[in-house]
Amino acid sequence: GGGGDTATQASQSAAPASSAPAAKGDGTLTLGTLLPQTGSLAFLGPPEFAGVDLALKEINEAGGVLGKPVQKYDTDSGDTTTNIASQSVDKLLAQKADAIIGAASSSVSESVIDKITGAGVVHFSPANTSDKFTTMEDKGLYFRTAPPDKLQGRVLGDLIISDGNDTVGIMAMQDSYGTGLADQVQKTVTDGGAEVVERVDYDPKAADFSADVAKIKAKNPKGIVLIGFEETAKVIQELVKQGMPASKYKWYMVDGNMSNTNYVKMPKGTLKGVKGTYPGAAAPDEFRDKLKGVNPKLEDYTYAPESYDAANLIALAAEAAKSDAGVDIAAKLAEVSKGGTKCKSFKECVDLLKAGTDIDYDGVSGPVEFNEAGDPAVATIGIYQYADDNKYPVKALEYRSGNISG
Amino acid sequence: MADRKAAALNAFKDLARDPGVPKPDPILVVDNVVRRFGGLTAVEVNHVEVQRGSITALIGPNGAGKTTFFNQLTGFDTADSGTWTFNGRPMNGVPAHKVARAGMVRTFQLTKALSRLTVLENMRLGAQQQKGENFWRALIPSFWRDQEEEITQRAEELLVRFKLDAKRDDFAGSLSGGQRKLLEMARALMVGPELVMLDEPMAGVNPALTQSLLGHVKDLREQGMTVLFVEHDMDMVRDISDWVIVMAQGAVIAEGPPSTIMSDERVIDAYLGAHHDAPLSESELEAQLQEAEAALEAEIHETEGTTPAPGSAPEPETAEERQK
Amino acid sequence: MNGAKIAVTTEGGQPVKEVTTNAEGTWDVQVDKPGKYKVTLDVSSLPQNAEVRGGNNVRTPTVYEGNCSTVLYALQAKGAANQQQQEGGESSPFWTQAAQLTFEGLNLGLIIALAALGLSLIYGTTGLTNFAHGELVTLGAILAYAFNIGFGLHLIPAAVIAVIVAGILGYLQDRLFWGQLRRRGTGTIAMMIISIGVALFLRYVFLIFFGGQTEAFAQYTAQPGIEIGPISAAPKNFVAMGIELVVLIVVGFALLRTRTGKAARAVADNPALAASSGINVDRVIRIIWTFGGAIAALAGIMLGLSQNLKYTMGQDILLLIFAGVTLGGLGTAFGALVGSLVVGLFIQVSTLWVPPELKSVGALAVLIIVLLVRPQGILGRRERIG
Amino acid sequence: MSADEAPVQSKAAVTDRSAHLEGAKDAVLRCDELIAGYLPGVNILNGSDLYVKEGELIGIIGPNGAGKSTLLKAMFGLVTIRSGTVLLKGEDITNMKAHSLVARGVGYVPQTNNVFPSLTIEENLEMGAFQVPGKFKERFEFVAELFPALKERRKQRAGSLSGGERQMVAMARALMTEPSVLLLDEPSAGLSPKLQDLVFIQAQQINKAGVTVIMVEQNARRCLQICHRGYVLDQGRNAYTGTGRQLANDPKVIELYLGTLAKA
Amino acid sequence: MDWITIISTTIKAAVGVETVLYAIGAIGLNVHFGYTGLLNFGQAAFMGVAGYGLAVTVTVMGLPFWVGIFVGLVAAVILAILLGIPTLKLRADYLAIVTIAAAEIVRLIFRSVQFKSVFGGSDGQRGFSDGFYALNPYPEGEYGFNLGPVPLLFGHRTMWVLTVGWILIALFSFVVYLLMKSPWGRVLKAIREDEDAVRSLGKSVFSYKMQALVLGGVIGCFGGFIYGLGYASVQPDVFGTETTFYMYTMLILGGAARVLGPVLGSMIFWVLLVLFYNVMTEAVGAGLITFLDTNQVGAMRWILVGLGLILLLIFRPQGILGDKREIAIDARR
């Protein structure tokens, strides 16, 4: 019997499976974080931790959850090359975490999801994009606020078409984030009548990206889509070097590499006119200032909004369930995320909740409305454009939101 | 007791003293073996035979190609060309371990002690056809325990003979230079070969011990083993060998019984030098010293005040010595 | 394109609307329901001399709730497709790409070679398989970064100072650490594992001080490329390659010709005998560590210059470094050069046939194949038996 | 200077400490009660004494594993001395590093692993003259004359040499500096009889030229013939000492260490 | 500071799934390196092909669990033979680099987009462990005991993995013990010291090396199974060179060529890793350490682990169980 079948069937029901041990709440909401302090995604750690920290600060300032301050334990998820995530989960479980926020890497999440959900604890990732989690056996305990590939890919694809690029090259980081997004962009672009003349999936740890760029160059596309994380800086160097600067070609970027700090050392105008998509309805700058308040050294903000929303949602769900047990939180998460009076911060929402109102939390990363599988169903994507100083302004060119599944 | 020796001597009695002379009952026959290293021809042996049941010495100047020749025969190096048969079986191209299994075992001039195995384990390893060397049978000790005991006993006897019994549980890597030589030879004997090829077995071994080991080698011959050995110690060659093969510059240049060979002009010239038949007598020693002193004096006169020990041209000098 | 006729129907074929493009060539259709639609361009409505590229005049976009969906018809002059192909034939893109990749291979290969040279020197003299060498490479880059960004020096003086400091650190490393271990008689295997410990130690010290993000030097970042024949490269690449080549050749010859170089090889062969010959073994090893550290740092700076800086940058190329050293023949300076160039070239050039994500596979496969044919490495020599 | 000038002992005597103290007074190199070994807790040298006077040629013989090589290594700073002292011209050189001893005029030929395999013959010799690079040419000519085979092969890597050729390189390497004290560990092993002769003659000549030589040999009879004084080492202790001639003729020594083969 | 959690997680780490799977891999490595002297730096690949063999058979091909185990085993044997035939003639240090290269090739292929439909790309495969847990004799619940106030409890699934894992460790250790005491093991050790000497004594070095490679690979592949089953998934990057490095570290730390060396080494490694980290996170959380922020704790742990390794090996270069005499013998002859 294939395990895959059962997994798919079981996950159809969002209700917590009866097999999950009914962890009794102890009255204190305990959050655990399982985020990268080390490893290949270590650069994502600071913003993610900061996002959770900021949420927690606001929650506890607003009086905590169930009348008590929320507890939090931070742990390191490392990356898949070491198996330390599992040990971190052991520690969090030993400390009676009710929900665990993490991990950044889909692969790491996959390796610990059984352990976490098996203990009846909510597994909430701010950054997993692998489509596998949609169908995975998770006892209804897995959720994510990760920027949805599908919508972003569609918006970006459409943007590329409407800019009149009839030939497109895609450079995507080779992991579930990169390939997932690239697949979606590729589909939209092709449907829209343009041709994806080359698609390169590159290894983000590679010593050098010249061959990857040379491959794109050989096809000479009008538009070049860069999907990846901060290694995009290296790719950009290479594009400029091989004679495909943004002044001659149209570059497009995504949330993973839309940065206002990474490219500032490049000569003025290197990124001028480059467009990119970034999830979230709000202008990111105000939020970023608040994050700086939590961690002044912060430079990058990738996944900070998602982490912030994750913590807020868990707290609200606990408040709504009047219990801090993982299964109870999971049962309420979808409810607080949609259908009801819209509210934007923990304080605002919790006040509504206490007044008995049904709420709909709209986060920094987007409207966050969970579907059956614990994935966000609605999202807002902003389209931004870089200026001469290699930064993009607060104001998006436009915002698009919509259902993710469509 | 020495009937084998008699047999061997008998076999050699009427042989011509030519290089490559055919033997009545050869165990090893070599034809046209050539090995070149770049421009250097290290071995170029046209024809040579080794008599079964004899002790044959292979001598020759340093760099004559003796070790290289051994390497070709035993499969440790690939000859550029040539054929050789052992017991009538062609052996060229046969890998080293099969050569050893066929009954032709060699030792190494630069010893190869298995450093982090004890001396006793080194010895045990030599034994052939061990049941416990099969993976599956190794898992069940009762299969091989008896054989192991027998091997151990044999090993211990040899160790006593080679004066290594006190070292039996020490790592072979901690042996002294001479002890390694001894272990190397003892281990080869553990194989129980038909032909044992010893590469300078006694270099660095104490003379008193050498003497007692020679007795052992003679015993081996009595047991029917054939011994081919390389050695620079003429006392030893003279004492135990039935037949001597001389190599120089890769080729076999002379063959014959020890007594004849050691008075062969070419061999003396190329190899033995002055003191070929006995250790220097007192008078010879004096003469040698005086000669050296004279040379020294001359040098000092020439180069006024420089201290270095002068290089006297040794060859003419020793040749003169011989004339006396 | 003005006046082209476009018909929009639902997936099932129900007509929704027909429009004509405006002066900018754009058009707009409002649909009420999300779903798949079919958009057809009336080819006859196009000007005489134009056609749709690729010939397909039907698009099937999916429209989602609340979103618009764009379709695109790329037009070209009739017969342009053929012309283009002919043009392409003249300067064959395959060869252009091959030339570019060869250049990139040399570029990468030289950086690896430089890093490999440091490793090879230290391995050669002390027998230490130093898994922390990647971190020494990173160290160089981070030092240069510190002087460059932290103290605001221009990159060139910053790099010079970084190399000198790295050399001093290399010296101290041996003086205070590896040398002491050697004195205690620590075996090479234990040292190898200790080097893993050192690698972890250094790598995470970097993480603490440098952070997990990717950084760039203040100068020469994203330097625009210039075209030279089929190759486009940034000027900094040429300068870097020149420096690398000079350093490699100078050090290689120094090892072969100078007294200290020979002494280093003697120490590699047999330290006790070297001491017996009057060589101050510790001193030679310290010199080698100084140079090894400095050269590794230079490699790091070059890598940071051509790529960017990250705390794992050295670790990420460590395998390639080892591959280069081994391929060339362990412990030989020019072997490291040749081996690394082969590795670099194969990584890049193999992407002509294999997908770039698997480019290391090509290089590693070559490594395996070469070693099968020449087990002692390209420039290595076999030892004699017996 | 000849063998007769060495302190006269009536017969080869079982080591006598007072005789040692007496003799060692104006020695160039002396070891007193050396205790040394490789593994913790296992002593290989158990208090051996040795002295050598200016211009003397000393032979050390003994069974395999007696500790002869260890004694030389200990004097030369290659094995740690656990107790006891080594004095060179009155200076305490106990556990001093080998290269400093070379600077003080001590030369050493090890018994095994005595060449640099990946260096060419010429480079091996160059290493021999490491501390006096200026003299390389001159000394090279000298050793090349001794061992003409080496000159022909100067570009060959020592690792590919035959056993005897290596031995030549080893010997030649030590002769590249002009040491005032030379320690030789089985210099004749593996050499053809002709070259063995050469080595012994050379040792004597060098000695004549004023170099103090300590020589370990398994070619024991030969060694005792040329040396002024000899030591018989057994189990890390001096078993017998005396002039070369005394030792060579002592029946006990013959029985235990020399054998009768060579006499025949 | 939550000492109870620190103590309980540390003790649990000493016997946990990670310890088990690394220990098994390291036992295989001990056969390769410790006894035979094969510098195999591709042990992770053996674990990888086994894990993926199981995963792909069950999830992609839909075959039963036991078939998956069989396929994994066969894959490991085939890898050993493929790797062995060309490379066993190489000198040790060259072998090291070839095996690293081969392991990287295997990992990159598992990871590639090209083969995503089979191996699942960078996220790997999951959903193949049900067959294993169906055999679980432990009814649902927690197992273990309380050591005073310190709970040492494992869930029933973990308990099952641990039971199987430790039985395997005991089994493999016993097999290694038997083999290495036997003449077969003696040949391996001799090969480690000097191949040519062994050849001259009539043993087929190649055949023994191959046997050792296969045996160590097969043992190691069970580490891959334990990984796949313990985490109910496989990811390509787990089977990278890092994993092999850590296994070497454990092996040397515990004592190479000692039967229990790898097991002890693995326990020490994980205990260090967990203890350092948990003490530090607690100390940071409790405000006892102020010079580090949350993001730096993870790094600090590795710094300490690195230091720990260095110190352990400085003071016991032969490893905890190793023999000092063996180290004193210079391996460079």
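First chain written, first letter: the chains are A, B, C, D and E, and each begins at residue 1.
We adopt the following convention: contacts are C-beta pairs under 8 Å (C-beta built on N, C-alpha and C of every residue); 3 or more make two chains touch, one makes a residue touch a chain.
These numbers were taken from a predicted model, which means no experiment stands behind them.
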Chain nearest the overall Cα centroid: E
Interface with more contacting C-beta pairs, comparing B-C to A-C: A-C
Most distant chain from subunit D, judged by the mean position of its C-alpha atoms: A
Whole-Å gap separating subunit A and subunit E, where each centre is the average of the chain's CA atoms: 33
Cα-centroid distance, subunit A relative to subunit B, in whole angstrom: 76
Distance between chain centroids, defined by C-alpha means - subunit D, subunit E (Å): 51
Centre distance in Å when subunit B and subunit E are each reduced to the mean of their C-alpha atoms: 48
Residues of subunit A engaged with two or more neighbouring chains: 36, 38, 42, 45-46, 174, 201, 203
Residues of subunit B whose C-beta touches two or more other chains: 67-68, 76, 108-110, 174
In subunit C, residues with contacts to at least two other chains: 204, 207, 212, 355, 357, 360, 385-386
Pairs of chains, among all present, that meet the touch criterion: A-C, A-E, B-C, B-D, B-E, C-D, C-E, D-E
Touching residues (chain side subunit D, partner subunit C) in the complex: 76-78, 97-99, 102-103, 108, 110, 113-119, 123, 126-128, 130-131, 133, 157, 159-160, 173, 177
Touch list for subunit C against partner subunit D, complex: 259, 262-263, 265-266, 268-270, 272-281, 331, 381, 383-384
In the complex, subunit E residues that touch subunit D: 324-325, 328, 333
Residues of subunit C defined as touching subunit E within the complex: 127, 129, 131, 181, 184-190, 192-194, 196-205, 207-208, 212, 319, 322-323, 326-327, 330, 355, 357-358, 360-361, 364-365, 367-368, 371-372, 375-377, 385-386
Residue numbers on subunit D that touch subunit E, as the complex places them: 38-40, 113
